[in-house]
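Structures follow.
One chain, chain A, appears in both complexes that follow, with chain B as partner in the first and chain C in the second.
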Partner chain A sequence: MADMTVQSLSATSLRRRPSIGTLKFAESIFIPVAALLASAALFSVFLLFLGKSPLMFFQLLWVGGFGSGFSLQNTLQRAAPLILTGLAFAVPARIGLTMIGGEGALVLGGLSAAAMAIPLVTAGVPAFLTLPIMAMTAMLAGGMWIGFAGWLRYYRGVNETISSLLLSYIAIATMNFFVEGALRDPASANKPSTMPIGDAYRIGSIPGTEVHWGLAAGLVLAIGLHILMTRTTFGFAARVTGGNARAALAQGLPVGRLIVACTMIAGACAGLAGFYEVAAVHGQANASLVAGYGFTGILVAFLARQVPLAIIPVAVLFGALSAAGGIIQRRMGMPDATVLVLQGLIFVVLLTSETFYGRIAFLQPKRAEDRT
Partner chain B sequence: MNETLQDSALITALIAMLGGAIRVSTPFMFVALGECLTEKSGRINLGLEGSLVLGAMVAYAGSFLTGNPWAGVFFAGCAGLVLGALHGFICKLPRVNDIAIGIAFMSFGTGLAFFFGKPYIQPQAPRLEAIHLGDWTGDPRLAQALEVNPLFFVGVALAVFMWWAFRNTRWGLIVRMTGDSAPAAKAMGVSVDLVRFIATAIGGFMAGIGGAFLSLYYPGSWNQGLSSGQGLMAVALVIFARWGPLRCILAALLFGAAGALGPSLQSVGISQGYYFFNAAPYILTLLIMIASARSKVAAREAPGELSITK
Partner chain C sequence: MSALAVETASLKKAPSLSAIGMTKTFGSFTALGDVSINVAAGSFHALLGENGAGKSTLVKCIMGFYSADKGQVMLDGREVIIRSPRDARAHGIGMVYQHFTLVPCLTAAENLVISRADTPSVINWPKERRLLDSFMETMPFRVPLDTQVASLSAGEKQKLEILKLLYLDQRFMILDEPTSVLTPGEADEMLGLLHGMCDRGEITVLMISHKFREVKTFCDRFSVLRRGRLTGEGDAKSAPVEDMSRMMIGDTEVRERAARTEQIDRKDVLELAGLCAEDDAGLPAIQGVNLKIKGGEIVGIAGVSGNGQSALVEVLAGQRPLTDGEITIHGEIFTPKRGNFDRFKVYGLPEEPLKNATVPRMSVAENIAFRTFDKPPITSLGWWMSKGPMRSQAEELIARYRVKTTSPDAPIETLSGGNVQRAVLARELSGDVDVLIVANPCFGLDFASVADIRSQIMEARNRGAAVLLVSEDLDEILELADRVAVMSGGTISYVAPIEETDRNTIGQHMAGH
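== the complex of A and B ==
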């Protein structure tokens, strides 16, 4: 939207300067990258204080994340749910909502997919029917869940950040309730789980790799939602609402329906991530679903500045961080929460960097020329 | 009278709930009072969950290393203070969104606590001692329910003090003014950023103490699953309490009772749906938020500068 208002200006007054659109784009790359580097520097100081080698840390991060075919596939495997949960934050963010319930929608999506699988698998319904039904159930469950928070926001005025996070806790409690109770597979003694869907129903890998199809789904959805949010009337209306909800109402835009639609899309993305966790990774629903993908997805979306396409590379980056966690833990003798500290640090630095937009001199159009 | 009470499972459950409400409510109360102060100054700190978890870890480590649980409580407050001060400092930069920064601090504080807390999961640290208020009743259930931690009374005293200070002191007036209208505060020569910075930092201190209660008294050990969103629920609780410190006590007790529902039903042998009852505080919070969101009374008492009510 900014590009449009700005391009008409650039033709008139700005010679020998890049257009304002280009500058804005450069700014939106430069500041997040600088924030990442600053976080890395701060984290290095943190490591030095602990007597660990930052050099070794980043080397291991590279080796564990991208160093070999195996680690690269591990990275992509972990990036898949992050793309989806990143989208679950980014889409509502475009309409002006801070929706942090991705974790809950993922868990609930996984649970409902696994629950749906039980009768279908028992009845021997073929996999090509069962899996789409499971996926639809997961998307519906996730969509309703976050959609509910969106509905509460518009029609009841309930703050969506708190309500979506509360819904996450409720979703996790709901999963525990069913997994420990009605849906518990008696064979799962140590770790209460639902009935395994069985190898015949597992989603395989993308041919030639060991990465499950969730990655492909994430890529398709990221591209699709990017087009939806930037190239369609729906996306335009959503962004107008995000920019100024009152103006949107005054224009007669169906703000309530837009909000519910965006939040349902978001929940469906996170629910789909839950489906892939069940159908491709764990084979059943249990506490492993609560792996923090939903929360890391928020960070991914912030770093991607809520641009669906940009979520893909950022999700890969954080997938690598998570994939390298194990090797860092073993080789450097550091607790598994190391990754959490780094993520939290990036989060804080990144949001602090918001303050630099419009304030870095060489990325700003020359205002003085306009006045003379 | 005791004979009639002894057999009744309902009474047992109710007494367990009373004791549970007092126990479970204390961390809620501290976080809510901290959040109340922060919100009164016109800013919201969702990161108190991070302060709470970090406080719990630091308190346990402090108590383990010094042998004195009260030293742990103090360190926990300081840890919360640091996180709160950082939040307050970053939020005063232009264009920074206080809600988003709060989410970041939630994950940063939790990450730090898990990182440094790893070595303290196993060892036993000295815990806070309770005051036995119920021994005179002669009923073991009541005696157990009335074992109240001194921090509970500290919290109540703090709430009363805040209630009094908001109304009767110059500082209270300055905080309320900053929260209601930043331009008015500026016109009076008050530094809005400074007031909010201090309010957020002190709010973090209180949340840290709430965390200390978790690890040093109830549940009374440090592990990664210690907090389950108490810091966040406290934010909703403050809205429910309509920014009144005294109402924060009542709201905290209500939340405590909801949190004690599952365990107290279990104490009389009803274990079915334990996990469902675990969700009770969240569901209660959500219902309360739905009920109070459009409430005219709440709108009248909300600090005018608060982004969450706009």
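== the complex of A and C ==
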């Protein structure tokens, strides 16, 4: 009785408590933002220790990432593969898997797209046919690669984090093997590469910008996968499985097929990123594909709390970070890898911040008072 | 310390303990409000109360896991300050937890020696063995010292836990529902031994329990807690059970139990033929389970936990593959897939629903929709889900099954145990049920919820469902079941109609005789 009086009092005379949804949303914004600020503070200490000005660093970060049309486009260009590799981590995370094999799927996607291009380009198949075939091949290769790790997880009980990481090294080695061997273009003397697909087959930029179409693909997939995971029976079943696989089995959900499907979607996203790296950026497959996009994607997905839509802004942020690397190197006389230190700091702080969910008092809903 | 302790063990007297004015609050919630209990030296004292009544909080304050906001603990009439379990141990206060705290891969002797606070880095085993043997000489019961704990029976493990306290010279023992893992026979034996030791003034026992039968038979005095307050105390032998029960539940309205209706013309609905399955380690968990259940019948499966009951439930729920055998429903073979759960109208209430039947972080509404999320009206076109119908379904069922939640959008993990189980009941029992698989449905719930949930199960039976009830609580089976089956060593060793059997016969079969 006493409880009821207190509750009705607070409902009328005090401000109404926001709904649970609002609070959860506020929490999922507040904690990552706080984590970013904390990382920035820690990194400032690091800079001060080196005798550099943190103020200048963050100013240059802004200039290099967003300061001009050129730097903004540079940022978006780098954000494009990060959206896709971010999705490659986020979608399996929804079904409870920690898949960190995006790098391998990207490399393999790029390699298979470039390999597929060789006969098609040689035979003179027009670009509007060649490019979709290359894209499909890349998605299939990436999808099978991560899907295999998912299959191993469910049907053989192999830890997916380890297997997907190791599969990445196999993928990179496979790429090197073919690029330096059977698929090597003899003209590529210093840097073994596959045959260039040629300017006629390059994917152009989004009209009015210098940014390639991979950005558009990333946006479409992020929105599409967001809808898939939140508004469809497939997404619901995947979330039940990810939240409690035992409960999912007891509901008769096809857990194995859901896991393989989610991991294949993930691999396809990363493979598509590889396709754009080949068809839009490098024009051929070579060691440049191993640029760490797959691993940075994990960070992106983490900061976005595995929410596909949130991956878009976070990927742009990290794109800016890498775009600003050059200007920071030149103006502050610091190595290019400095931004990697910041990235690493963000990752550690972010992982720590995960433990704060449900513990910040003013963001918690009132618990059901039900001791009768 | 131990050498001395062993020598003087038989000389030491049982201590008395009083906790005076204990108060503990968590935020705005008063878990314990000004509770005083007095446990005389050499007495066997029962602490009664429902789940959440504050029993655990009280003993945790005594043990130093929590520091009480107010109140003092007196040991043999002198105030002692207990800041941590280490302090409690130094004062000779020990606790046996509901679940074993022994290291399964070590032997009993090793477990005893490593439990000491002063275990040396290099253990002189021959010397320790001599000390242990002479220690065991003075004990009223024995446990094989060289056997790995994993291969001891539950009763022996529980004895070893108590021996451990005596070995550490902890003569004030707090036992937290010590018989919940034992067969009725083992439980009676163990409580009898403790009772004898109390009578001889060797130990003092404070036992948390909710089994009136045990309290009446073995205890001297009792204290009752309800909602963090002391609501009564008295002499366990003379106080009537009705009084104890009223002190525990107060004026809470307990729903009238649903009556068992006569079922005529019953047909076999669920048939298990030669079911075999393996546990996680690949060893046989169930070996050739045969059972037929008629419509409108509850078959209760009794057994000491770990004899294959959970594997059986998992097999029926689709959480564990069959290695052999067949499940048939209405004469058709049943495989646990989503389509078949609906076609054969099979529903389930697994044990520990938060762990087995829900996704804790998903909302109450989403959890209630697990059976219906992929069907109209929630889903259109076969894949597109709408939040509106899901929410209105949840609102209706939350009201009908009296689930207490702040909102259908609250994560289900924020609900109390009873309300999680009600939400699962709402999901599983609101439709037309032909087969119902139930496992320990009332474990850890308060009286009102227990009455509620047992009534729902009985009503499902009365509507014609074939109910398989697996329970570690024999009283629950005796109350609900039409027939009893006992599981032992992965098979069903005994089946009998409820009116042709009794507690003792069932208990003997549980123990494997």
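One rule holds for everything that comes next: the second predicted complex is superposed on the first by the 350 of 372 C-alpha atoms of A that agree within 3 Å, B and C clash if a C-alpha of one lies under 4 Å from a C-alpha of the other, contacts with A are read in each partner's own complex, and residues count from 1 in each chain.
Operating definition for what follows: a contact is a pair of C-beta atoms (placed from the backbone, for glycine too) under 8 Å apart; a residue touches a chain by one contact, two chains touch by 3 or more.
Model, not experiment: these values are computed from the prediction.
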| item | value |
| --- | --- |
| More chain A residues in contact [chain B versus chain C] | B |
| First (chain B), second (chain C), both or neither touched by A:Pro308 | neither |
| Touched partner set for A:Gly86, first chain B, second chain C, both or neither | neither |
| Touched partner set for A:Gly143, first chain B, second chain C, both or neither | neither |
| Contacts of A:Asn176 with chain B and chain C, given as first, second, both or neither | first |
| Touching partner for A:Pro32 - first (chain B), second (chain C), both, neither | neither |
| Common ground on chain A, meaning residues reached by chain C in one complex and by chain B in the other | none |
| In the complex with chain A, residue positions of chain B that touch it | 46, 50, 86, 90, 93-97, 99-101, 103-105, 107-112, 114-115, 117-118, 228-229, 232-233, 235-236, 272-276, 278-279, 282-283, 285-286, 289-290, 293-294, 308-309 |
| Of all residues in chain C, those that touch chain A in their complex | 52, 227, 252, 317-319, 336-341, 348, 350, 355-363, 366, 370-371, 373-374, 379, 382-385, 404-407, 409-411, 414-416, 418-419, 446, 448 |
| Contact footprint of chain C on chain A as seen in their complex | 19-21, 231-234, 236-237, 239-240, 243-244, 246-247, 249-254, 365-368, 370-372 |
| Touch list for chain A against partner chain B, complex | 98, 100, 152, 156-159, 161-163, 165-167, 169-170, 173-174, 176-177, 180-181, 295, 298-299, 302, 335-338, 340-345, 347-348, 350-352, 354-355, 357-358 |
